[in-house]
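Both of the next two complexes hold chain A, though its partner changes from chain B to chain C.
Showing the complex of A and B:
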């Protein structure tokens, strides 16, 4: 074979088979793909990889490969399951409250009345506040010594002496849930309001012709038509609540005792205080899978008949 | 050619610009390295101006340049661990005694005890300071600042309650507090900050040591359940909160800073706070009880003493710096400049004291006229020195301290809020200690 024969015998590769435009697209997308691989795909895969090791940063020379031991250890970890229980309580309470409150506000804002635009605007304020600022604000409100909550209740004669709020283990989780709900309601309201606006007026007109009352129109027209909006709210808020960390970090650091020691806090302590990256990564995967499972559940149930 | 065409980015221009940007990106680390300083120093964000001016003097004196970085104390340990693991350039850094075993075991910091010039400063340092910088028989640095947990009282309230002097035992704290409650002087006369934060172990240790307790023996094994002082100390807090009601049940959500504010606003008569806060407490601009705050010796438990806990922050050398003779020599000079004498005097420790009131572990400074004058304006320097002499190093500082500390804090809080009793809380803490010690 001579050198001049080569062009005639060379097979066409993938690069030659795609057109100029596709090649250009690949070239221009390559940097973005590389960045995504570096900052998203690689960390996800790498975190799973390190979850198979007993990695403790302070013992850099002793990091054995232990297969799935970090995962199986979780089954017998009492503190882990206690934190799962608190996470479930926090999530169910928060998401239920967000769904109900945002539905009521969305129904209100769907009506025409004087001051509606103003109300819609101030509704967005909690949403616009950064999470940590929100947490610091609630820390100030709940403070048992100089907090605004005690001040207001005392001024209104609801209490005769300042109460302990975050330091009371029976109240802590619900108070944090309250701060979370306050922050999340605006977005949920907007999502539900958009859904409400999309319900055709014809449906209500037909229901009126059939003699449906206001309550019947709400139950048989509004609620079923809001299913997509509810699904979105439930999935998003559940994910946010399960993974929520900021309020626990700023308000209580898991205390008092372990009253607010939820799963996200447990993962933080394990990973960044105990510096056990292997078991921390395993817990994070469990949390991610739980979030994925719940999202799938909501899509399967609320998404049905859509 | 139209003006539009001149400004239009052509394919060749795009490729040229991209190539130039790529080349610059690749070259940047090299450029930065070329401008690298002789010494890399990392601290937490305290007294930044004082550090910078002292560094400028160091560079002027030695000709060595220093790359100085700092990060907030709350994130400092995480930031440093990340730097160590990531191989960031580090020569000298501030180290807390709480992290010493962890960092030493990991091989991130190196002992300095083969440097005779640095070791000569031990002769003028308090013993607990030197002990706090020592792990496994090796010394890892020179003092940056040291302090201890102090017991303060509002002299006006004590007098108003009909007492001649401050309490000397924890039983007397209860007695005086109950009298104050009865007379309406204060609802919760004793301020104790027991929130889950880095200060908590200092408060707990001071209570335990003053009750005559120890967490561990000389071999590092837990003696929490056999040393009566530990459970007695926790039981005293539990009773003070739930039975006598002289400490607010909100103590479990009160951090050190909020506790300081509450005490300085006149809500309480007694407080356990770091000694260096005395200046703030007697500053009329920052405290409504300024002039009334006095220091007393730490009250004693039934089988205890006036002992308290002391802590150390020191200037350490990275293992990477120690491995290179030139870097090690430069870093040792910087450590001496900050932790020892600069131009023949303990300049930095003195500046730090005069600037932010930070304590020092260097005994000759107690005789410095400027320091005595400053102390005399808000405290009793002899009392301060006498209490410092009884300060003890935390006996729980080990490579597993961080993990244990988290659970121990929760256990104490659980007992205070009535979730469990003092004995069970101490046992849980002790069991975890043994488990972690065995695992290491």
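Showing the complex of A and C:
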């Protein structure tokens, strides 16, 4: 639609120049834009502004502007980098486990057999339950006194006395990762299953004619065709694992010692226990940028279709 | 002639061997599927079943070693405490042990705030659902059906807001909510939950609207409908499945949200169910059988929703994730 289509002859302002389509789109999009400006764009900019001050809620009258000192302080902050390291460990372990387990389940659910519907329905249970409920459930399972994990291992004779689980520095992070994986596997499975179903049968038929074994068909047909599905799972689950907070809060509060003191927990402690909002904002800004960077990296390197 | 017989004999034996190999392969396949199906069911169900089972055990049973997988004397004491507590009955150690002398488990006085907390969770979730629909539907329609200049820019803008981690929003949100005087109100939760739900809503709907033919829009407009009328009368009735998906996701996301609620709620006036659950788990005096009962109450609504609406959820999840 061009400007000449407009019948009236009043002096053309910006409003007329942007055309009918743009104007109606503007009306339809205005609410969502207003909401996102208020709850996403403004907060993220405001957060950057806060991060340039030394804000201690315990000293409300002295809040000096310190440029990027909160950020440069992070470089030498040993505890910060340790927590980043733990987040990386947690994320890599979880995402790898999720990818493998959900691939196995997706392969199973891709077959035709009785009870398949039942399985795919109950698979939604972990996905649906709240993270806090998931956390208290695992806290009870891992309980060193009366928990199910000890009970099962004891009754199957794998251990001869009850063991400490979450209280053991070497095991904590992996046990939390296990609880995280249990809850995230269903979604990953659904995403992989869709990709599996979209592989044309002709490919398998052709491979069979060429004399490929089951394993060869899996490696040369199934896996390459599942690339987009895997990509999606990697991106989504990495984002979820990096920012994850709920399990750490309920299961260990960063402990024992600092064994599960991950980045998201560090931000929480810095902000709401040390009441140091400036540096808390700086850290969460770093986390947000890392998240953006990672998703950009994934999209670029794995060539995602948008 | 001799050789001809031998050949047919040979091929007969080959066919026999082939058939046997096939049968064996089928049998192996069936066994593999059966075993993995059983393993998967146990993996998914066992933790939940254990949670339910220990929520109906007495304090004596729950602290037995090794654990009783199936309760020997099941009791609904925990649930009774949660539901009857609303009738102004103060739950104390004394009247608790009067009901069940075996139970040394302490049921906290906060047991009575569980139902109000569920109520809060429910109100917040419903409000977030309604706002999401009001804001998301027109936006998705515009992006899918109107060819305007800044179309791609708006898509990328909404996409970008989806990647912002909630923990990065916590500090500015807290200061904003505090300055607006909204701390410890349900509104603070409703407003901030929009940040974590709206982008996803828009993407599910855009995906669906794009699948509906453009001609419908044109036909409706030729018949004299405005864009708004075309959306309401033509597209909305057709997009019911995606609307259901949106309602489910936003409801579940709000119902399950913890981090933001942890920041903004302080009292019973606004505490949601996850907050109360987390508070229970950090109190060492509270019996785990009670905590588990509270946990069961928290997982029942979302699990029912998930099972009843499985089809919508699976299609919505795929659409939303593929796009976003």
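Note that in this section the second predicted complex is superposed on the first by the 278 of 306 C-alpha atoms of A that agree within 3 Å, B and C clash if a C-alpha of one lies under 4 Å from a C-alpha of the other, contacts with A are read in each partner's own complex, and residues count from 1 in each chain.
Please note the rule applied: a residue touches a chain if its C-beta (ideal position, glycine included) is under 8 Å from a C-beta of that chain, and two chains touch if they have at least 3 such contacts.
Please read all numbers here as calculations on a predicted model, not as lab measurements.
Novice: Identify the partner contact of A:145: answer first if only chain B is touched, second if only chain C is, both if each is, neither if none is.
Specialist: both
Novice: If you tally the residues of chain A touched by each partner, is the higher count for chain B or for chain C?
Specialist: More residues of chain A are touched by C.
Novice: A:100 contacts which: chain B (first), chain C (second), both, neither?
Specialist: neither
Novice: So, A:46: does it touch chain B (first), chain C (second), both, or neither?
Specialist: The answer is second: A:46 touches chain C but not chain B.
Novice: Is A:164 touching the first partner chain B, the second partner chain C, both, or neither of them?
Specialist: first
Novice: Classify the contacts of A:205 with the two partner chains as first (chain B alone), second (chain C alone), both, or neither.
Specialist: A:205 sits against neither chain B nor chain C.
Novice: In the overlaid three-chain picture, which partner chain does A:269 touch, first (chain B) or second (chain C), both, or neither?
Specialist: The answer is first: A:269 touches chain B but not chain C.
Novice: Using the touch definition from the top, say if A:115 reaches chain B (first), chain C (second), both or neither.
Specialist: In the superposition, A:115 touches chain C alone.
Novice: For A:124, decide between first (touching chain B), second (touching chain C), both and neither.
Specialist: second
Novice: Looking at chain A, which of its residues have contacts with both chain B and chain C?
Specialist: 143, 145, 253, 272
Novice: Touching chain A in the complex: which residues of chain B?
Specialist: 78, 81, 85, 102-103, 105-107, 187, 195-197, 248-254, 258, 262, 267, 399, 402-403, 406, 409-410, 413-414, 416-417, 419
Novice: With touch defined as at the start, can you tell me which chain C residues reach chain A in the complex?
Specialist: Contacts found on chain C: 30, 33, 36-37, 40-41, 43-45, 47-48, 50-51, 54, 62-67, 69, 131, 134-136, 138-139, 141-143, 146-151, 154, 157-158, 160-161, 163-176, 191-192, 194-195, 198-199, 202, 227, 252, 255-256, 258-259, 262-263, 273-274, 277-278, 280-282, 288, 291-292, 295, 298-299, 302-303, 305-307, 310, 313-314, 317-318, 321-322.
Novice: Which of the residues in chain A end up touching chain B in this complex?
Specialist: Residues 57-61, 143-145, 161, 164-169, 252-259, 261, 269, 272-275.
Novice: State the interface residues of chain A toward chain C in the complex, per the touch definition above.
Specialist: Touch residues, chain A against chain C: 18-19, 21-22, 24-29, 31-33, 35-36, 38-44, 46-47, 50, 104-105, 108, 111, 113, 115, 119-133, 135-141, 143, 145-148, 150-151, 154-155, 162, 182, 187, 190-191, 194, 232, 236, 239, 242-243, 245-246, 249-250, 253, 264, 267-268, 271-272, 277, 280-281, 284-285, 287-288, 291-292, 295.
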